[in-house]
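Per-chain numbering from 1; labels A, B, C and D assigned in written order.
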Amino acid sequence: MLIKTAEDAGMHEHFEMIMPLRWSDQDLNGHINNARIVTLMEEARVRWLNSTAASEGLETFQCPKVVASLNVEYRKPVSYEDELLLVLDITRVGNGSFTVRHTGIQLGSSVFIGTTVVVPLDRESERPRKLTAAETAYLLRYAETASVAG
Amino acid sequence: MLIKTAEDAGMHEHFEMIMPLRWSDQDLNGHINNARIVTLMEEARVRWLNSTAASEGLETFQCPKVVASLNVEYRKPVSYEDELLLVLDITRVGNGSFTVRHTGIQLGSSVFIGTTVVVPLDRESERPRKLTAAETAYLLRYAETASVAG
Amino acid sequence: MLIKTAEDAGMHEHFEMIMPLRWSDQDLNGHINNARIVTLMEEARVRWLNSTAASEGLETFQCPKVVASLNVEYRKPVSYEDELLLVLDITRVGNGSFTVRHTGIQLGSSVFIGTTVVVPLDRESERPRKLTAAETAYLLRYAETASVAG
Amino acid sequence: MLIKTAEDAGMHEHFEMIMPLRWSDQDLNGHINNARIVTLMEEARVRWLNSTAASEGLETFQCPKVVASLNVEYRKPVSYEDELLLVLDITRVGNGSFTVRHTGIQLGSSVFIGTTVVVPLDRESERPRKLTAAETAYLLRYAETASVAG
């Protein structure tokens, strides 16, 4: 059951941050390592869901979360010297999971695009749980084309 | 142009190794971190392509390589205490890239499956180069269903 | 109060392991990174105190532990390609802490020597606790010159 | 030969930065890992010597550098949630090496103090080289009690 299909190109909200890089994020090839980019995606996601969402009144995303699936397209090498902007939004909202898109931008170009399927866990049982209505509403604000499976 | 479509379920070769884990690979949730699993995939791939292939006479894969694309399905939590077997094979051989599949096995179950598109670079120009005939032949030995694009 | 000063050059026990290295442990300079060597020291120590000691009947070191102090002398670059042997012993046993020495050996030479002051914590209060008699006895087997402060 | 012993308590310069932390810097115990703190010290040092010094006209510290020795006193747990200030100054200037002190401050308290002996290398030979007069002068501005061995 599709309950929302927004065609609001660019009209939805985004979470943005300049991601500080470390010299040690570079590998022997002189660029930020591809596995480390996954850590940078994680860091931006944690700051959004655990801190920013909480500061906006939604604290339930501070629960443990599992990554069920990951996809990254590496478009250009990421350099330590240049500022890295991370832009996050939502590409899917399901019953018990949602998909975050992480776009890395350096010197005005998209350097990587990664999506992560996030599954919130019940704090007690440590098992997957349903998204609350408040969580779904929050995520949909950041969704270009979001759906909730029936 | 498809030059090979093997339907040799399980008949092809695999690169296998027990991947040593570190206590620090665990995150706050008490499991091996999802980004660190990408590092473990990388480590197995490096040992295969930079060392094992070279010991079998194919040294050209010691060139710099770029990861163009990454996909990981996380099926079960990976624990520090249990032995992790990594099994690598090839799912695609192209003109200038190939796709490595990394299957993680713990306690007899598949805990993750990840694929990585690898692009070998020319050592001088640091630009993508064509696979050599020897490289293609080597990779096809490890391919379940391999194709070379024309 | 000094209760033991062994002068048993080489007569005491050691914990030894070959420490598997990762390609990503290297930094831009092409050697294992100096901070990563601290992680390798940690990994050897965890395997000794959390696993080996437990398999010898001493399970209490599986408690949370804090590092209070760290010293490393880096003698030679550590390379990814060569086998790294880590040899651990004890240089001090106190009331509520002890000092582990980690010697890294590559190609027959000592490449680093690091000492770490470890403080076991009470599992409930997460505060420093006294070493038990069994812990002290265990550590003294690995001590060249060990003392227990009064 | 001691050529300078400043007794200028607090009168010398310091390099300061807020060090961004990552969720993944935490270990199972819920604090920033002790080995990761060495990486944070490295990051502050790299930003100072490779970037800030260069922006002030001293570019020669962008050469490869080796850490010869490391000491860290961990005074309090470092938490991911609180801002970490890193303050760097110089405690020793030698002929071919110098010692950087890294003080970590969180919530107004010193949480760790670490010193690192840094050895600049000749870019061609990759062997230790003498400090230049400009380098020595730069470092002495940041030195509380600095000496140059004869």
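Methods note: contacts are C-beta pairs under 8 Å (C-beta built on N, C-alpha and C of every residue); 3 or more make two chains touch, one makes a residue touch a chain.
To keep track of the chains, here are their UniProt names: A, B, C, D = Acyl-CoA thioester hydrolase.
Given the structure is predicted, the values throughout are model-derived calculations rather than measurements.
*Asks:* So which chain is the furthest away from chain D, centre to centre on CA atoms?
*Replies:* Of all chains, B has its centre farthest from that of chain D.
*Asks:* Call it same or different for chain C and chain D: same when shared residue numbers make up over half of all numbers used at their interface.
*Replies:* same
*Asks:* Based only on mean CA positions, could you tell me how far chain B sits from chain D in angstrom?
*Replies:* 39
*Asks:* Report the inter-centroid distance (CA atoms only) between chain C and chain D in whole Å.
*Replies:* Each chain reduced to its C-alpha mean, chain C and chain D end up 25 Å apart.
*Asks:* State, to the nearest whole Å, the distance from the C-alpha centre of chain A to the C-alpha centre of chain D.
*Replies:* A distance of 34 Å separates the two centres.
*Asks:* Among the residues of chain D, which are close enough to touch at least two other chains?
*Replies:* In chain D, 23-24, 35, 39, 42 touch at least two other chains.
*Asks:* List the residues on chain A that touch chain D in their complex, please.
*Replies:* 20, 22-24, 39, 42-43, 46, 50
*Asks:* Where on chain B is chain A touching in the complex?
*Replies:* So the residues of chain B touching chain A come out as 29, 34-36, 38-39, 41-42, 64, 66-74, 77.
*Asks:* For a test of understanding, state which residues of chain D touch chain B in their complex under the given definition.
*Replies:* Listed in rising order, the residues are 23-24, 26-28, 30, 33, 35.
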